[in-house]
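Both of the next two complexes hold chain A, though its partner changes from chain B to chain C.
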Partner chain A sequence: MERFRRELDSRPPPREGGDERVGEGERRVQRDWNEREDEKPDRVDFKVLPEIRSFDHRIHREEEGEAMYGFEALTFNIHGGYLEAIVRGYRSGLLTAADYNNLCQCETLDDIKMHLSATEYGPYLQNGALISHSSSRCGSDSVSRICADWRDSGRHVLVSYIPDQKPDSDLFLCRGIAYQPMEKGAKPSPLHTTTIVEKCTLKLLDEYKHMLCQATEPLSTFLEYITYGYMIDNVVLIVTGTLHERDVQELLEKCHPLGMFDSIATLAVAQNMRELYRLVLVDTPLASYFSECITSEDLDDMNIEIMRNTLYKAYLEDFYNFCQKLGGATAEIMSDLLAFEADRRAVNITINSIGTELTRDDRRKLYSSFGLLYPYGHEELAVCEDIDQVRGAMEKYPPYQSIFAKISYGESQMLDKAFYEEEVKRLCLAFEQQFHYAVFFAYMRLKEQEIRNLMWISECVAQNQKTRIHDSVVFIF
Partner chain B sequence: MSGQSQRLNVVPTVTMLGVMKARLVGATRGHALLKKKSDALTVQFRQILKKIISTKESMGDVMRNSSFALTEAKYVAGDNIKHVVLESVKSASLRVRSRQDNVAGVKLPRFEHFTDHSAGDAKSDLTGLARGGQQVQSCRTAYVKAIEVLVELASLQTSFLTLDEAIKTTNRRVNALENVVKPRLENTITYIKGELDELEREDFFRLKKIQGYKKREIERREQDAKKYADNIPLKTGISMNSAHNLIFVGAEKDDDIIF
Partner chain C sequence: MTSSWSRALTQISPYTFASIGIAISIGVSVLGAAWGIYITGSSLIGAAIKAPRITSKNLISVIFCEAVAIYGVIVAIILQTKLESVPASQIYDPESLRAGYAIFASGIIVGFANLMCGLCVGIIGSSCALSDAQNSTLFVKILVIEIFGSALGLFGVIVGIIMSAQATWPAKAT
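Here is the complex of A and B:
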């Protein structure tokens, strides 16, 4: 019992505050970064067999006073139980095969909208403009004040009250979606496929923010890790746009909402890469990725795509290490998922760089240093010059052999869909276990896949290509 | 048209007749040539029309394919791929230039596209390196094909319009020559000929009349001469009067004989 009380005391106290939760999370991350650098945690050796690895972890963590692997059921629910329940609830709201079949039968975009209104996407696809969506912690009186304000301004309010978990506060989590109803007689704006995708992404963003609000360490760091990929994309987009003298506001609108951070607009101010790094990036979590792999001279000349992929490689390795430190079921499942991601990227990089100027050394530098293919598979892939050689290299690994068996010789169009299907299978398997963080990662990825499916279906319907509609829809259940 | 078959106001002389005849010959030859030109242009016109119809149909297909290729690229490489590609472009690498073609004397504009390799980036080959690179490349080829079809369609349509104008003008000229200029010239020629004939006839008539006078004059003189010969008998009873008249009056009346 002493061990558990010590563990409870060692957790940082919950933060009060409003919507600037995400910003605080960043600052928290900053502190944790420094803490970790002081401790110099030892990296786990990846090549060691999994059982021994987790045994090392068990001993390591027992010294720190944490629960042993296999006994997470005792302590996980204290801090993670609420959010795990929430995310499983979200997962059951994902579209099923029956839903997809209905959507594929639609003739027009309005039919699709009608079908989607019956699902969880209903409130987001209403005709009125979506005005505000906020998740904030506030006292009960301020909640009623907010609701009164909204109602007075003629907006519709959907509010859910969730009592906070912490025993020492009577704060409520108020989550509301307000949308302005259409004026009488106004014509509804024509529906575009981009609108549908936008609204669905908005829903994902809402759910993510809600979870991030409620999370504590280390789950909040984990959740933030999930979005670093989008952050990298946004940073690269703004940097390229600024290099070619585009307007900052336009660029900001084109960024992915999950990857936004506070100082993103200042990226446009920097004149060259050194300033960029010094002014903006050093405060973000992406700082370590830049310093690890790129010197400041490289930043100026380097091809944008190579930079993006180098950053992403550093991000994946960082994420992998973080999950290993978390240990337990999280480490196991996440390492499997991240290894698949790394291998998939390696194969894609190889195939897409055949016939371009990318040298073999550059190619090798872009491969991550973990995963099933590391290191021998990478050696083989680095020298491949066409698809059949890639296939030959990959067929030595049983999980990928089944993927490559699905596509016929000389063709690589269906490879992406095969990879997506395999990924979805693995993500669904993550939900089979309880008491780990990988369910959050799996849910985000599955939601992304769902949005991709919806985009595909709406585009096929809008372009009158119903025959191709089943080419790329990946059913989740 | 009221003035359709009028004639030109000219002085009806022989030279004018020559001039009018030359002009008529010129008008006839011009009319034949223009007719040939109009026929040639019409043939071209019909060919272009056929090509336009087939190109428009293929354009529908090509645009459809290229939009679908874009959808595939978006599916694999993420929704942002459009923005990523757009932001990383400095200037267009596929450009269009125009030149003039001469078809049966009509200058038709023609557009053709070419790749400007200096502006084009080799760096763009690496777009979507980690995912979706292939789809992005196939999307690019689909859109390049779409541009080709569109450029061709543009040149065909401008040629169509220009040819239409040219045919209208030529036909207008042909009709003008046929229905206005030539009849006018012919009428003028007829008029001049008529006038000349009339003048000739007048002359002829005058000549005949004068000949008639002259003949009568000669006959009268002969009569007078015969009468005088009757009035003078030899040595017997010629009157002094008549002898006196013979000598003095006769001497006055005699004309000089001029050889």
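Here is the complex of A and C:
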């Protein structure tokens, strides 16, 4: 702690005594944000922290018809009123504790399916229907090709064309739902947990696409930002799968539907990161996140994980800055939610990289430059070598102290659940305020949590381990 | 300076002030009503997709906003009956100026009170629709808040009518 105390002084520390304080294996802390890697840094200079915009977002917010903070009620409903009401309607369809109790008492997967059919998931779980679903931005010729394919295979096709939001674009948002009529006497296919999870994710996809269709700027950009995380996960999934020589089609089916983009299949061809960027990612929204991690190194497991975390860090910071630009209640609530996400990822990165060959500097580079832990918490986390040190670093922050208080010493399995519970609590609080965009983000995350819950319950039931059901189910209401 | 500025003000015809007052009374009231209706209407439509039962009850919010516009119309009609012609020689008499200013003030009172009332009822109506969609017991309680909000417009109308009641133009000189 002496190091920090000295940093807060206005005088620089004496250089001669500096090296004695630093332990044997520890490198001097690198201030990446100052970019003076050759100089020994004296103190934290807050004026040059580049990533955080000013918190004075309450002033200068009256451009383009935006109201001041506190007066958003006057103008929000012009463009966002309908969609906010819609997303609140979706939120009321989330499963409650009573539903989860019913599901936890199921004996087989068919019971689960029966219970879920009584909830909002009903239409998606029908047997013999909805076996193929495609929603993509595509030109009109590819739409007709998709429809022709489906019709040839004997399926009924329902397609709606919606013109793309961007002006002077001849792309259509094509929603196609293909129904396979059940033949008489045919037995329904056996139910897997992955099927249930897939169908539930399709529901989330439908809801998201419905909202994205109706949204105008800046809400449409905000909604698109929410999916970049899934895109990063899909990219990493395909690259890792290709590395382990899996079939591309099989990998594409495992991708999260919200993170699909055109040319995602081309990812299988890339050999190193530069090719990855040049062939595929330069046309996606992820292009700007790649500047920090383009190297000529080949892709192996370690580098892919580092790439994933670097991309996600850039994405979170980009999202954070975008929300700050939006200002008002959106900025305030999203700052809190994104800061929690950044801190949680920092803890997970730390715990997962304990005992691996990831150096402390590399670890530090993966932490986002905002959030409650930035910058001092990150410095402490970077030098942690086991879970108890992590706990010691985190317990200085009251919100995280309450999380770590729930798990006993030396245990880390329940940490995930504790973080999820805290996240769900904060997401539900986002709905308490009206006239902001954070409700959309919160709804998507809550739905994702619900799908995780359903997957856990289905797995426990399928494997007959119902005693462990309550280990990982986080009730939303 | 002050004498020349105040003279400039008093040289404006009282008819101008009175007419502007009438315009503000109806125009700004309708602005408030329209603003309130779109705020509550957009939320109501979106929420009614998931919960269709809320539509008929929540039209009350829209009606409260509409009432605000009606207040503006009523007061404008009352005010315009107060406009009388006075002979040219008396047009800048203190009495006539007083009448002109009274009608102007009455128009402003009603207009801006209704503007704020319309906004208030609109925002509450939007929250009311969303809460009703989640939990139907909340509707009546939030309606009480809306009733208090719409009382603001009524205050404006009352004071406006009192102001205009004493807007008497000078009697015609015989």
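In this section, the second predicted complex is superposed on the first by the 344 of 477 C-alpha atoms of A that agree within 3 Å, B and C clash if a C-alpha of one lies under 4 Å from a C-alpha of the other, contacts with A are read in each partner's own complex, and residues count from 1 in each chain.
Basically, a contact is a pair of C-beta atoms (placed from the backbone, for glycine too) under 8 Å apart; a residue touches a chain by one contact, two chains touch by 3 or more.
Computed from a predicted model, the values in this text were never measured in an experiment.
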{"item": "Fit or clash between chain C and chain B when superposed on chain A", "value": "fit"}
{"item": "Touched partner set for A:90, first chain B, second chain C, both or neither", "value": "second"}
{"item": "First, second, both or neither for A:400, with chain B first and chain C second", "value": "neither"}
{"item": "First (chain B), second (chain C), both or neither touched by A:463", "value": "first"}
{"item": "Residues of chain A touched, compared between chain B and chain C (which is higher)", "value": "B"}
{"item": "Partner chain in contact with A:81 - chain B first, chain C second, else both or neither", "value": "second"}
{"item": "First (chain B), second (chain C), both or neither touched by A:367", "value": "neither"}
{"item": "Touching partner for A:358 - first (chain B), second (chain C), both, neither", "value": "first"}
{"item": "First, second, both or neither for A:289, with chain B first and chain C second", "value": "neither"}
{"item": "First (chain B), second (chain C), both or neither touched by A:251", "value": "first"}
{"item": "Chain B and chain C, minimum CA distance [Å, superposed model]", "value": "30"}
{"item": "Chain B and chain C contact sites that coincide on chain A, given as residue numbers", "value": "none"}
{"item": "Touching residues (chain side chain B, partner chain A) in the complex", "value": "64, 67-68, 71-72, 74-76, 78-80, 83-84, 87-90, 122-123, 125-135"}
{"item": "Sites on chain A touched by chain C in the complex", "value": "73-74, 77-78, 81-86, 88-90, 92-93, 434"}
{"item": "Complex contacts: residues of chain A adjacent to chain B", "value": "197, 233, 236-237, 240-241, 244, 246, 251, 254, 256, 303-306, 308-309, 312, 344-345, 348-349, 351-353, 356-358, 366, 412-413, 416, 452, 455-456, 459-460, 463-465, 468, 472"}
{"item": "Partner chain A, residues of chain C touching it in the complex", "value": "35, 38-39, 42-47, 49-51, 119, 123, 126-127, 129-130, 133-134"}
